[in-house]
Amino acid sequence: MSEATPKLKVGMYWAASCGGCDISLLEIGPRLIDLIQVADVVFWPCAADFKYQHVADYPDGHIDVCFYNGSIRTSEQEELARLLRKKAKCLVAYGSCAGDGGIPALANLKDTKGIFDASYHNNPSIDNPDGVEPQHIVETEFGQLEIPVFYDQVIRLKDVVQVDYEIPGCPPQADQVWKVIGLVASGAVPLRNAALRVGCDDKSICDECHREKRNTRITAFHRPHEIIPDPDHCLLEQGVVCLGPATRSGCGGLCTKAGLPCRGCYGPAGKVVDMGTAMISAIGSLIDTEDEEVARKLVAQIADPTGTFYRFSLGSSHLKARK
Amino acid sequence: MTTKHVKTAEGFRRISIDPVTRLEGHGKIDIFLDQEGNVAECFFQVPELRGFEKFAEGRPVEEMPRITPRICGVCPEAHHFAAAKACDAVYGIELTKTAHKLRELQYNIFYVTDHTTHFYALGAPDFVMGPDHDPATRNLIGVIGKVGLEIGGKVIQCRQWGHEAAAIFGGKPVNPINCIPGGMSKPISLEEQARLKEIISYMKEFAQFTLQLFHDVVLANEKYVDIILNGPYLHKTWSMGLVDAQGKVNFYDGKVRYCDPNGEQCTEYSPNEYMEHVAERVEPWSYLKFPYLKKIGWRGFVDGPESGVYRATPQSRLNVSDGMNSPLAQEAYEKYFETLTGDASGKTPVHHTLAIHWARVIELLNAAERAWELVNDPAIVDPEAYRSLPTKLPTEGVGIVEAPRGTLTHHYKTDENGIITKANLIVGTTNNHAPICMSIKKAAQGLIKPGVEVTEPILNMIEMAFRAYDPCFGCATHALPGQMPLTVRVRDREGNLLTQGSRR
Amino acid sequence: MAQPQASRETAASPAWEPRIIAFLCYWCSYTGADNAGIARLKYPANADIIRLNCSGRIDPQLVTAAFSRGADGVMVCGCHPGCCHYISGNFKTMVRMPLLQRVLEDLGIEKERFVHEWVSASEAEKFSKLVAQTVENVRALGPLNWPGMLHDRGVGHGQDRKPWGE
């Protein structure tokens, strides 16, 4: 960048997040030194001391690129999404949670009453004889205390504000993140866009996976700890449920390299909207039987299809939650 | 964020720090000053919750080592390993020697990376840049600018190689996946062992460099030593940590030991017994629960041997143990105790909260040394003994490790198909919720006095009170399963309020 | 306290009629349905029929899309196994639909709302009875109203969503 070009102002915020996305930004390693030559961090609660008031005081559009990771579970997270949308020229949903709901969205499978009960009353280490529970507003002699309202459902960033780009992954892999930073910093892509997925490729994980497809068919399902699979053969063909066919490529096929099946953190492949049903479809093609009873027996061997096929993507699915 | 909606009582003034920064997770601090300008009360609130314990129900137990790391992306291995140990217990599997060593090796490498991240990116800016430095550069980037690119490059390399090691074991640099019930999902080859040796050798050097840096930048600086020893950061609480059969600090395995503020009345328990020793309380102003020692009892947010409040931090681990299991770290341990208590044996516990940073750097060195010992063990490259298949039916199990931030407990109950029916997690930072509240209040009371203008540096020094704990509130707030009681307002498309209800 | 209720139609509303989407394969099931019409068999008009060339073409995603857009019930019919016009299309269906059924039940969609049956060209009467039974089962369960349910939980408003607190 020329001397006359001002540094990019960059922000990163975390909502219902684990912090892995914030760490993943540091995974660009030595390229971090290059990054700080061209960019200034103006908001990043994990690593820098800017407070919410600083952000509120920025002029609108002050932040060139703001990454928002984590799904939206509370009122504060929604407020920050709106605030950052105003203060940022480009808002990027960073990671599976912001883009598809992620693991926190699995909470949408739970019944409120039951959760309430288990949370404060029926839990082995709880000592709560008065049935106290956290409250949105608590009155004290000094004044009111407030914690955010907890929503009935986990939602994604684009359920609340307009998003320009989405980078999938749990967390996004460093090389992909660096590519996106390069595109934005060089001006090769416009700052405004329509939730375009970047930092990923356009095939499925099967394309990247090192394992061999031998066109065998599934004769039984096994859970990953029940067998020692052939390390070179497709896991799904060996009967270990793997979300590779339904998952977007871009991570490098890392999990299957380590001996375990893909769980879909790069989100839906291609034009798939609902990852879970895409996976159901794939499995239908891989079982070779003409006997309905055999089909039923095999299907019954799959453990927790809902929580597995929608592990990272319940927020983007058609149905999104348990009724 | 939303304190503009809340009222402050007459006669009081509220100062808010929102959000707290340079930690993992979310938190805010409300300080109430009375009319004279003294701190009347101080609340540290954790405003986040996700509900892992609840949505774990219905999940296959072997998936927990892949789900629970998303409680925390800074310490995913802590959850990964605690979950794997709980799974081993659920299936009643004894690990082979190879599998056990591989686990301990991977875990110690993770400790080096995690403690490095905390020290340089989260904690050190207060000491390298100074607690009153301009907040815009009082962070990792400012630190790199100040210590120079060469040292900055070393830090980056240590972390990056640490994550490369994680990927060698478990595929991904963040959120490795390879611990499964019965061992590991893949063996380590000779080439991988060679590369791991290179990485760990570098880490050992870097750990010694970091300890030296701590001496040069912090311990040699009188102002900082004064803040550590005499600042409003002292709490004499019980301490907790894992120790091995020789009573030495062990991050991966052992029994949990807790001792009183004088280092006496020590009790040890195995994972299955945790419920007899730890209980959790609830306050209405924070989503996070407050563990305390059951046998001592809850007396409120106070220290002392009669109060069940305990701390689980690197400092606590050093306090309860009889030493470190590696030579250079043992030397550093003795120097630490000699300096802070006058007794190098470590019999007298240290309670200066900011000295946790020092204990953390000693652990960093210990983890690197222990990893070096393990990576050179020929057992780790056995091509077959890296896992055992389960033979028993799954039932129930508890797995405990030391997360960098404190003792981490995963407890699962399953049906006969190994599907989770109940999960209970007591997480590293959760252990420290009450002490963190106390530390923040004490710091606020010590630093804010009548007539003193409350400036940003003062607020930062209050935040330093919690930063020493290396908190991980993402971890801590898994803990409340699912939903919180709230006010729910239902609106139509025009925003008109249709109905409203509160759940208690 | 009460969980927020779906704010739109309820079973008590007299206007509500179960809305069923029926995916039928061209060769057997659709012909069976057609024959029911030709034979003037009486059955409720609540089912909207969508014809695809094979039940193996019925992507489970179509079923979830239908429910998510407001269907109260969904039917999937195809040739009997062994009689598929394309030989093996319905062998895939017979794996997919039971698996989908499990997922739908996990999401709280009662099993009576999703019907998977084989209907041959000559089974006009079976088809008419199937629709009638499905309509009655769904009527007893009430509207599913998935969009309303999500809306009340704060999902899917997009740009219209009012910020919390206002």
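Things to note:
Order as written gives the chain letters A, B and C; numbering starts at 1 within each chain.
To be clear about the criterion, contacts are C-beta pairs under 8 Å (C-beta built on N, C-alpha and C of every residue); 3 or more make two chains touch, one makes a residue touch a chain.
These numbers were taken from a predicted model, which means no experiment stands behind them.
With centres taken as mean C-alpha coordinates, the chain found closest to the middle of all protein C-alpha atoms is A. Using the mean of the Cα atoms as each chain's centre, the chain most removed from subunit A is C. Ranked by number of C-beta pairs in contact, the top chain pair is A-B.
Measuring from the averaged C-alpha position of subunit B to that of subunit C gives a distance of 49 Å. With centres defined as mean CA coordinates, subunit C is found 30 Å away from subunit A.
Averaging Cα coordinates per chain places subunit A and subunit B 23 Å apart. In subunit B, the positions touching at least two other chains are 2, 5, 58, 488, 503-504.
Listed for subunit A are residues 75, 79, 109, 112, 149, 152, 307, each touching two or more other chains. Annotation for subunit C: residues 4, 106, 157, 165 touch two or more other chains. If you check the complex, the residues on subunit A that touch subunit C are 75, 78-79, 82, 109, 112-113, 149, 151-153, 155, 158-160, 162, 272-274, 276-278, 280-281, 283-285, 287-292, 295-296, 298-299, 302, 305-307, 309, 317-323. On the subunit B side of its complex with subunit A, the touching residues are 1-3, 5-9, 12, 14, 17-26, 30, 32, 40-41, 43, 45-51, 53-55, 57-60, 62-63, 66-67, 69-74, 76, 87, 91, 117, 121-122, 135-136, 138-141, 144, 149, 152-153, 156-157, 159-160, 163, 167, 169-178, 180-182, 185-186, 274-275, 278-287, 289, 291, 294, 298, 387, 389-390, 411, 417-419, 422, 424, 426, 460, 472, 474, 480-488, 503-504. Residue ranges on subunit C touching subunit A, taken from their complex, read 3-4, 59-61, 63-65, 67-68, 81-82, 91-96, 98-100, 102-103, 106-109, 144, 146, 149-150, 153-159, 161, 163-165.
Chain contact summary for the complex, subunit A toward subunit B: residues 14, 16-24, 26-27, 29-30, 32-33, 36, 41, 44-53, 73-76, 79-80, 102-104, 106-107, 109-110, 112, 114-116, 118-120, 123-128, 131-138, 140-150, 152, 170-171, 173-174, 223-228, 231, 251, 254-260, 263, 303-304, 307-308, 311.
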